[in-house]
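Here is the structure we will look at.
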Amino acid sequence: MSLLEAKGIVRSFGGVHAVAGVDVAIAQGEFLSIIGPNGAGKTTLFNLLSGHDVPDRGSVRFAGREITGWAPERIAGLGLARTYQHGRVLGNLSVRDNILVGAHHRLRAARPRLPGLGALAELVTALIHPPSVVREEAALADEVARIAALFGDRLTPRLEQPAYSLSYANRRRVEIARALALHPRLLLLDEPTAGMNESETAEMTTIIGGLKAEGHTILLIEHKLDLVMRLSDRVIAMDDGQIIAEGPPEAVRANPAVIEAYLGHRELGGEAVA
Amino acid sequence: MGSWLDYTINGLIIGNIYALVAVGLALIFGVSHLINFAHGSVYAVGAYVGWACFTYLHLPLPLTALAVIIVCGGLGIAIERIGLRPLAGAPRIAPLLATIGISLVLDQLLQIAFTPDPRALPSPLPNWRISLGGGTIGALDLLIAATGLVSAGVLYFFLRFTKLGWAVRATAQDRDAARQMGVDTDAVNRAVFAIASALGGLSGLLVGMYFNHIDPAMSFQATLKGVVAQVIGGMGNVPGAIAGSLLLGLTESYGVALFGSSYRNLFSFVLLLLILVLRPNGLFASARVTPPEPMTGTFVAPSRVLRIPPWAVGLALAAAVVLPLLPNIAYMLQVMTNAWLMAMLAISLTLVAGTLGQVSLGHAALLLLGAYASALLALDSGWPIWASVPAAGVLTSVIGTALAAPAFRLRSHYVSIATLGIGEIVSLVILNWESLTRGPMGVTNIPPLAIGKLELDSPQAAYWASLAVLVVLALLQSRLLRSHLGRTFRAIRDDDVAARAYGVSLDRYKGIGFAFAGFGAGVSGAIAAHLYSYINNETFTSTVSITALTMVILGGMGNLLGAIVGAVALTALPEMFRGTAEYRMLIYGVVLLLIRFRPQGVLGTV
Amino acid sequence: MSTELLRLEGIDTFYGPVQVHFGLSLSVRAGQIVSLLGGNASGKSTTMKVILGLLRPRAGRVSFDGRDITGLPTHQVIRQGIGSVPEARRLFGAMTVRENLLMGAFARSDRLVIARDLERMLELFPRVRQRLENRAGTLSGGEQQMVAMARALMGRPRLICMDEPTMGLSPLFVDRVLELIQAVNREGVTVFMVEQNASLALQIAHYAYVLQTGRIILQGEAGEMARNPKIRDAYLGGPDAKATAA
């Protein structure tokens, strides 16, 4: 059974179909990439899957639940984490706090489950700061260090710096680290290498490859075909809000419709390449 | 009871006056996405210029109107130049605060020049009235209606058929694109402020004549009414502002007809809140349009926080503790006790406005709730003071959070408008709920602070008690800030979309933040009630809310120590210069204007 | 005669503490179509903002036709003879197409000539004529792109700056827009365009620059660039697309 399954989802903005009837399914442990030109509807699709936006029609199932119309915080609670195309790090928070926010829904000691009085209990617990919370915080601190270490020495020395002071590439890394802190069952990555140069892209490719090897289920939007080809089990190509090709990476890349829409239509610089 | 037609005519006339204010606010919001809180002050200036022209220069009405238009138009240009232009790249909250600062300065200058006493502004028009069905219309009514209609017509012609009008419309839709067409958007701003302020001033003159009464306090009410009308019609929507104004005028007029005049303002604020909750884009916006984001990005200027070493804090605290032991210090102690009470309010506000990013303009209402709760528990239910004060904190926390809850789903400017309205509603309900609150009489003979039999009625005891409560509240808040809640609050402030994507429920955490802040503010109000022994619904007005915000900004948004420093500085310093109350507000206004040089405050935002 | 019309020298720009451009230099010759290529967040759009005066560089110099225009407010940059087709079109959605076109001529005061130019634009963009009285917000993406181009041309610019003119357009419209850019250029207007899709841009450009994280990493005649495999590495990212197609 699929971990995530979206059926016939449609979303229009002022008469323009940004997503026009798309079916997507991703299996546990699968690495699925979505490619397509700017404006093809990829990010809108992400927003619909993660609850940032609500589809006009169609349904989304995740982890065995019907989640259409759910608020993003509830979907996150089921184990869906995402990053953003242009980055949404929390600028005034330190790198450490950014990553810890990712672990928010996993807090147990700090967020006692009391029906009806949860919020009050949470406030009182925060003020009392009991040993159970101290232990939980220590465990999370270790985990933050582990996650940061995934990115070599990019984040570890900067854990206490505010996110606004980071370079663009480092902000992208913080976002992925934050997503990992959620212990996601499904990871949505929106152009994780945007704004990175070749060597940084290669580094990120290795990191994402490592996540795949660990068994993460990943849905990736990416323009850099090299990365897509190397990592994907399956690729979906979108254009104009619709899926124009789907299948193994090589097959999608060779699909004439994909070349037309994405890789540059007409003869693609024809003689230029020859 | 007058006829319904009379009330209808009255409502439309008042609506017309509101429209002259609201249209200006809408024009300004359209091109600059700024709620100009100084607009009401321009309106008041218009009324006083008119008064001066009639009284000293004996000018006829047309020349007086011309003078009002010129002076207020010029004032508008000055406001744009001082309040808006230098803050172009600053966080969006900065120009909003600057206009509040300008408003405080203008209002105080008016008070200093003309005294706070009301004056008569007799209409020079003939005193006839035409009977019309069951009602009557006078010359002044017709003049107001005509001014409204002519202004709307001229404005329509200007926007539609003049080059500058096109530039205004283009700028309102897309400022950067307009600049790329060769539009000097600074000039557009200037023109819009001039036109809006001229209309606002004219409105002030007409209102003064209509009620034959002007006073400096008319400024704030006008801003409020203009903002309410604009929210009804949709922010930045000029025809919407006119329709919203007429609707507001009629609602108030019928409300007064049904329930009496003390309910006039209550109706407008309840209407405001209903619109904000049900149709935050205004009555005329189409249903599924994403709401405009007047303030994207964070409220908080990035800064390096000035870390105060713990020994320095300890030293300052020790000095504060031993202060009452000095001789001849009674007056100083009174001032400092007030400073501690204001500091409780300021740390409460810095949590909500700074850490959580919800800039509340109605925080003084929490003081009122706390003060009334403790006073009434002590007087009517015979509770001991040691129990009534914390109970008042809890009650304020619960009621305040419930009242603020409708604002949880709003963002940025809308939060400020909503909390402003909620604050006014609290004050007006206290005024009108006579059976519980004793209405306009206020609550007298509130017993002094006491713990059991031990009365804390000496200045020293009151001082120590307030200081002790402040220290406890500050320690609790500092614990809260270091817990996961501090991180979660700041995540919501920085980017609520990203926060939600990681499982943070906005309702829950805004609720927790407001509840904690409400407790501290409620306790502060409760202690104040027992110190003052008399309170009424105007003991803590919106001016106190603005004062607290000034303190918070001065110290650095979200900065706990900063809020205390800000409160002490702005409470105690004016006393040292022996400033009268008038000059004190002037100082607050200037402080708000100076934030452009250090938007992160003295100790830095956190 | 290929004189230099636009020149950027040693530009450093920052958004807050984050540096976007590192000593960026480039030049645009009169009469040419020059393309600035690069991936997301490479600093392409920021380059446009610097030229148009929407963002002030911390160091460096922008000159147009030999005059220093660094730090000039945008409306004055436009009055020097520069037209802009912003990213995502940025039409005035609540105004009609006609009003949008006339806004393009805002900096001019020759009313009669403006009326003639409007007619000329409608000949160049016949599709726009049918939508003349519609509100611009109701147009499709392709139609909006045409209005945006016509609007910029209404200012009679010597240089027209286009930010991602093909973004989000269907292939049919992409072709049309590229042809129109060439037509405009043939009429003597110099074109500087920022583009993410290199193969498209290189089809019509004379000269191209590749921008990566704020630095020019490659430049040359468009024909040569198209043969350069490094380009695809930079942001197509994939191996040689022709080989794939084959």
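Order of writing sets the labels: A, B and C. Residues in every chain begin at 1.
Methods note: contacts are C-beta pairs under 8 Å (C-beta built on N, C-alpha and C of every residue); 3 or more make two chains touch, one makes a residue touch a chain.
Only a predicted model underlies this, so the values are computations on that prediction, with no experimental measurement involved.
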item	value
Most centrally placed chain, judged by C-alpha centres	B
Between A-C and B-C, the pair joined by more C-beta contacts	A-C
Length of the line joining the C-alpha centres of chain A and chain B, rounded to whole Å	41
Separation of mean Cα positions, chain C and chain B [Å, integer]	45
Chain A and chain C, separation of their C-alpha mean positions in angstrom	32
Shared interface positions of chain A, touching two or more other chains	164
Touching two or more other chains - residues of chain C	16-17
Contacts with two or more other chains, residues of chain B listed in rising order	302
Residue numbers on chain C that touch chain A, as the complex places them	16-18, 39-42, 137-138, 140-141, 164, 167-171, 174-175, 196-200, 202-203, 212-213, 223, 226-227, 233-245
Parts of chain B lying in touch with chain C, wherever the complex brings them together	163, 166-167, 169-170, 173-174, 176-186, 302
Of chain C, residues touching chain B in the complex	16-17, 52, 54, 73-75, 78-79, 84, 86, 90-95, 99, 102-104, 106-107, 151, 155
Interfacial residue positions of chain A with respect to chain C in the complex	14-16, 37-39, 85-86, 164-169, 191, 194-198, 201, 223-229, 240, 253-254, 256, 259-261, 263-266, 268-270, 272-274
Of all residues in chain B, those that touch chain A in their complex	298, 300, 302, 476, 479-480, 483-485, 487-488, 490-491, 493-495, 497-506, 508, 511-512, 515-516, 605
